[in-house]
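The two complexes that follow have subunit A in common; it is paired with subunit B in the first and with subunit C in the second.
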Partner chain A sequence: MKKVFSLGLILSLISTYVSQSDSEPGYVSGNVQAIGQYYQEDTLINAALPNHLYGFNGFTNINFQKGDFRAGIRYETYLNTLEGYPTSFSGTGIGYRYLTWNKDNVEVTVGSFYDQLSSGMILRAYEERQLGIDNAIDGLRLKYNPYKGIYLKSFIGKQRHVFADGLVNGNGIIRAIDAELNVNELFDSLNNSKLKVQLGGSFVSKFNNDNNTPDFILPSNVGASSARLNMRYHKWRFGGEFVHKINDPYPDNQNERFNYLYKNGEGLLFNLGYSTKGFAVDFSAKHMDNMLWRSTNVSVGPTDLLIGFLPALTKQHTYNLAATLYPYATNPRGEVSYQADLIYKIPKKTLLGGKYGTTISLNFATSYVPKRDFIDDQLTSRNSYTTQYFSRSDSILYQDINIEIKRKINKKLKFNINYFNFIFEDRAVLVAQHHELIHAQIAVLDLTYKISREHSLRFELQGLWTKWATPDQGDTQIISTGETVQRKQDQGDWAFAQIEYTFSPHWYVAVLDQYNYGNTEPKKQLHYALASAGYINGSHRFSLQYGKQRAGVFCVGGVCRAVPASNGLTFTFTSSF
Partner chain B sequence: MKNAFLYLIFIAFTGIYGCDKIDNPIPPVFGDVDWSLYPGDSNNYLTLYNFDDPSSNWSANTNTSKNILLEDYTGHKCTNCPAAAVIAKQLEDDASLGVVLVSVHAGAGGAFQETDSEFITDFTTDAGDVYVVDMPGMFANPLGTINRNPTGANNTVWHASSSWANTVSTETSASLLANIQVQANHFPSTNGLFIHTETEFKDNLTGDYHLIIYLIRESVIAPQKMGDGSIDHHYHHHSILSDNINGTWGSLISSGSIANGTKFYNDFSVELTAPSADSTYDVNNLSLVTYLCERNTFKILQVVKTELN
Partner chain C sequence: MKKSILSLLLFALMFQVSAQLPKIKLKDVKGNSVDVSQISNNGKPIIISFWATWCKPCKAELNTIADEFDDWVDETGVKLIAISIDDARSASRVEPYINAMGWEYTVLMDPNGNMKRAMNVNNVPHTFLLDGNGKIVWDHNNYSPGDEHELYEEVVKYAK
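What follows is the complex of A and B.
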């Protein structure tokens, strides 16, 4: 009844507005995505086999725009939720609905909305459908541009928590205000200056009293503030942001030092870059401590009700082995991180650059646990420790050194070579199969051969090698034959091969195989073969996939979701209008 | 300008909010007790006991005598036990000895403590059943412990009743190592019992010291097998261990080295069995036996008895 009412209200408001603005045409747009997976038993890979055998995730966005007025809904269906996807998504119904209008430099949004303040450390309401993250705010938002160069924004609302035949919000209330000053727009004399300056500041507060623990006095109102500065001069650019959050204790069952921690949270993020034709360099640094915060103060799922986003200072990898075995996952308790990026294009028609030029990308990213000087105040202030900005401990969380070389040989052939060197501390994030400090190297060869104007072949070869386990990690293992053998870290070595044939503009087919040939346990030296085919027609895309998928981790921006092993048939359909 | 005004109203609506800065997250401890057992406003209890300054509730403990806990391990089907109980009662009645008597219905195998259609009262307790296992050497009933001194059979804590008098006599000359004071407040409407203790060490000591509180029923009339094999259906069972207020091995109050003169204050609460359900739990028939025990050697440093009526 509630859903019918909300849909009716939107339609009624739309029709009212349309009748008042008959002079302007109205537009309806939308898109749909549907993924269905039929699960088969496969005890060899410990494949997921739910009782319902078939999982389905789908959604449809329908938007209407007429002049400065916009409205829309998203209808979502999880019948039953795909394995590995958060079970907090279930059923079918409306999960998102909004009305927005804009008049006289004022924009009002009623209903659901996404938003981000600066880098998102202080607030990021966003949707990452592949991860099962949707923390949209449901409330009221106002944007106002009172004067040129001055942008104000304020909103209040609750966060989407779960989907159970419809939107279910958390109990916490979020209140936010943000102001941004574009100095060059504000002063006419600076309009054409080569120095561009933007200043901003935000204040976000939450109210929540779900937690009734008798053990601690908990704050009902928790606030965070941030200040940011972005500058650009010629080919240089600089960005900096500081975030501060007051006491925001949460239960932490894994470490008493972080259990109901009352220490203030803090975050510092810097970025300095230079770019010119054929060359770019970028350096980023991040200090983050105790900045994870949610609109609730009780234990919830790891990605539930997050207000702030902890940005990742790593490159988002796309090649299978690099992306799904040891991907960077943000340490929510804190980290000191650095990243350097360098891109250089060797000019074409040179000895090294070849006829079309060669692009070399170097990337280095590393992350450490902050140096924490612990104090014994568990029975008093419970600040637990002190930190200094950018002071890191010797406990490495992650290191990624990678190089990519892209080159077009001739009109028919181009290649992409990658090398990755990872150090991955899984005891901090618990996403690999074995929780230890893992060293892994990956090499990738990606070759595309254009047979003709409409036909092309793509080959992809990947190899992953982990180090031998050290004595302190337990360097031997008793395998199923009863022998004691030297052990490789985590699951050992992997090989990956894929061949993809595309005949434009409609069809593609591909087969791939992942082979865990270096697993110390012979019984686990398995193949994961997968075949797929797809048909594309304009904005419609349909694909089928059959085979085995290994257990792994899928991460976007340092936020991860464990993907269980599965065997079966998957279909995907996407379309837009 | 109109919009600016509206916007300011909106900011005022959503943007005026503060933060709760908590400097002291730990709630003040208002007694480690269950306040639901106190009838009425718990603040009124402060007139009975000051939790903020526990030392203010106690006068100086001038006691210089070491009392003796005599635990008579007995059973209602044990024919030799009534005779031992007589010895124990005689020792208790001699005020010069400072004996505190507790009858613990427990034994090796538990045959003497079993219930049936005639012996319907189960006098056993979880703690008693543990003691006969944890303290090595228990082999029969009746046996007793005397401040759990390991001078019994085979150098265990278990003493035959024939040696109780001599062992008690020896123990009377032992040094006083600790003093205990107890206050108890009973609230009939809730059957709630609030207990406060002061434990003072009288020497520099090292060990794991536990404070243990027994709930004692002074008298229960129930069948008992007698020495001649007959059954006395109106036998007066005396000073019966009925429950452990703070668990089998009580509360650890000090571990490691402890200095002479150190005091500890502890608070407990318990809901007693309602007299309407079992008349032997009438408060006039109840006492507390509170003692300090070194957990590794079982030795008892001091014991006091507190009547609840």
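What follows is the complex of A and C.
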């Protein structure tokens, strides 16, 4: 009833507004995304088989715009929610609705909104639909641009937590202010200066008294502040950000050393880069400790009620084996990370570059546990340990060295070769099958052959090889035949092959197979074959997929979700108008 | 509930279903604010392409167009605005990439998906074509080799 009322209110507000200003026409637009999956039994791969057999997630947005005014809703349907998606999303109803207007440098938003302050470490309300993340803020936001180059923003609200036939907010309240100064916009004389400077600062506080434990008195109000600076000079750029959060204790049942810590959190992020036509280098560094930051202090799902976003300093891979077996997500407890990138385009019509030029991309990323000096203060200040900026321990969390070479041979043939070398500490992440330090190498060959103007074929071959387990990891394993054999780390070696045929602009068909040929256990040396086909017409897209999907980790933007194995038929429809 | 949906649909029918650019401020890669609704091209068409550094088909599309873009501009006066939806994790990769690739497009940053939502984009790549009056006249959600020909034919049609 409440929802119907709020919708009616939105509509009447719009109608009132519209009747007052008939000068400009109004526009309605929207989109829909529907994913349905029919699950089949497959005990061999341990496929998910829910009672309801059919999962469905649907999202429909309708937006209205007229002059300075915008409004919209999102209707969501989880009947039942897809396997691997948060089970706290159920039913069908309105999950997002907003009204916003923009007049004389002031913008007001009422209802649901997404926002990000700087890199998001201090606050990021966002939607990552594929992962089931939606921490939209429900409240009021004001943006004001009082003078050229000065941008102010402030908001208050509750966060979306779960979905039960409609939006359900968490109890915590978030308040935020942010100011940004663009020095070059502020002074006309600096408009065309080669030196560009932008400064910013934010303060965010939360209020909640969700967690009244008998043992601890938790702070009801927790504040965090941040400062940022972005500069560029000619082809150089520099960015820096510092975030500080006051004590914000969370329960940790696994490790007493992190249980209800009254330690402040901190984050430092730097980026330095140089880029010019055909060449770019980029370097990033991050120190972060105790930056888990939610609008509740109760144990909730890993991606629930997060206020801050902790970016992982790694490249997001797209080739299947590299993207879904050992992907990295930031360790919220803390890490010291570095990343370096180099892109070089060997010019066309040179000996090395060939007729069309060749692009080489190199990427190196590494992450360590910060060096923590533990102090025995469990009964007093409960800070547990001290850290120093960019001081790292010997415990590696992740390392990724990868190279990509891309070249067009002639008008018909293009190739792309990739090599990846991973070190992945699964005892910290617990996403692989064996929780151990895993070393893996991956090679990828990707060929595109253009048959004619509209017809193309694409071939993809990938291999993944893990190291032999070391004696301290337990280097032997008793397999199903009763033999004791040498063991490879995690699930051992994988091969992947895919053929894709596209008929522009409407059709595609693809077949792929993943084969775990190197699993130490012969019974687990399985094939995962999948066929898919799609039809695209303008903004409408319809696709079908049938076959087996391997259990894996699905990541977007450094945030990951474990997806169970499944076997069955999936259909997807997306459309916008 | 059903009634309210029905009334919403009826309400929607009262208006023209023909979108134009929303009034949203984005930043370019250098940090300058750009009001998207003010983007114009002297009566010539504009291509708007949503992409990300982690999206292979997006990069394939924009690199393919980049090879021929000088000719497209000479023949039609078209302008291309590439809107990156890279978030805080990968946003710092955008500028090195576009410079190294030598793209001559206007690149805008949409790190939190405001523009993406306002233009009803479900997934990338999603490419729009605006006519000389800023009306969306064509869009395509996907990229397969060869799709650029269809886009170019549309550009030529609206360049006249």
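Definition applied: the second predicted complex is superposed on the first by the 577 of 577 C-alpha atoms of A that agree within 3 Å, B and C clash if a C-alpha of one lies under 4 Å from a C-alpha of the other, contacts with A are read in each partner's own complex, and residues count from 1 in each chain.
Everything below uses one rule, namely that a residue touches a chain if its C-beta (ideal position, glycine included) is under 8 Å from a C-beta of that chain, and two chains touch if they have at least 3 such contacts.
Quick caveat: nothing in here was measured; it's all calculated off a predicted structure.
Taken together through their common subunit A, the two structures put subunit B and subunit C side by side without a clash. After overlaying the two complexes on the shared chain, residue contacts for A:G36 are found with neither subunit B nor subunit C. With the two structures brought together on chain A, the opening angle seen from the C-alpha centre of subunit A toward subunit B and subunit C is 160°, to the nearest 10. After overlaying the two complexes on the shared chain, residue contacts for A:P50 are found with neither subunit B nor subunit C.
Within the superposed three-chain model, A:F203 lies in touch with subunit B and out of touch with subunit C [touch as defined at top].
Put subunit B and subunit C next to each other and count what each touches on subunit A; the higher total goes to C.
In the superposition on chain A, contact is made by A:Y114 with subunit C only, not with subunit B. Contact with subunit C, but none with subunit B, is seen for A:P505 once the two complexes are overlaid on the shared chain.
In the superposition on chain A, A:L218 contacts subunit B only, with no contact to subunit C. Once chain A of one complex is fitted onto chain A of the other, the partner contacts of A:D68 are limited to subunit C, with no touch recorded for subunit B. In the superposed pair of complexes, A:G240 makes contact with neither subunit B nor subunit C. Of the two partner chains, neither subunit B nor subunit C is touched by A:G353. Taking the two complexes aligned on chain A, the least Cα distance separating subunit B from subunit C is 20 Å.
In the three-chain superposition model, subunit A touches subunit B and subunit C at no common residue.
Only residues 1, 3-5, 7-8, 11-12, 14-20, 22-23, 30-33, 53-56, 67, 87-93, 95-97, 99-102, 111-114, 117-123, 126, 138-142, 144-147, 149-150 of subunit C touch subunit A when the two sit together in their complex. Considering their complex, residues 3-4, 6-7, 10-11, 13-15, 17-27 of subunit B touch subunit A.
Residue ranges of subunit A in contact with subunit C, taken from their complex: 3-4, 7-8, 11, 14-15, 25-31, 33, 61-66, 68, 70, 73, 75, 93, 102, 114-116, 119-121, 124, 126-127, 151, 182, 184-185, 196, 198, 230, 232, 235, 237, 239, 271, 273, 275-282, 284, 309, 311-313, 315-318, 341, 343-345, 356, 359, 448, 450, 453-456, 502-505, 508, 534, 536, 538-541, 557-558, 574, 576-577. Taken in their complex, subunit A has these residues touching subunit B: 104-106, 140, 142, 144, 146, 152, 154-156, 175-177, 203, 205, 207, 214-223, 246-247, 249, 260, 262, 379-382.
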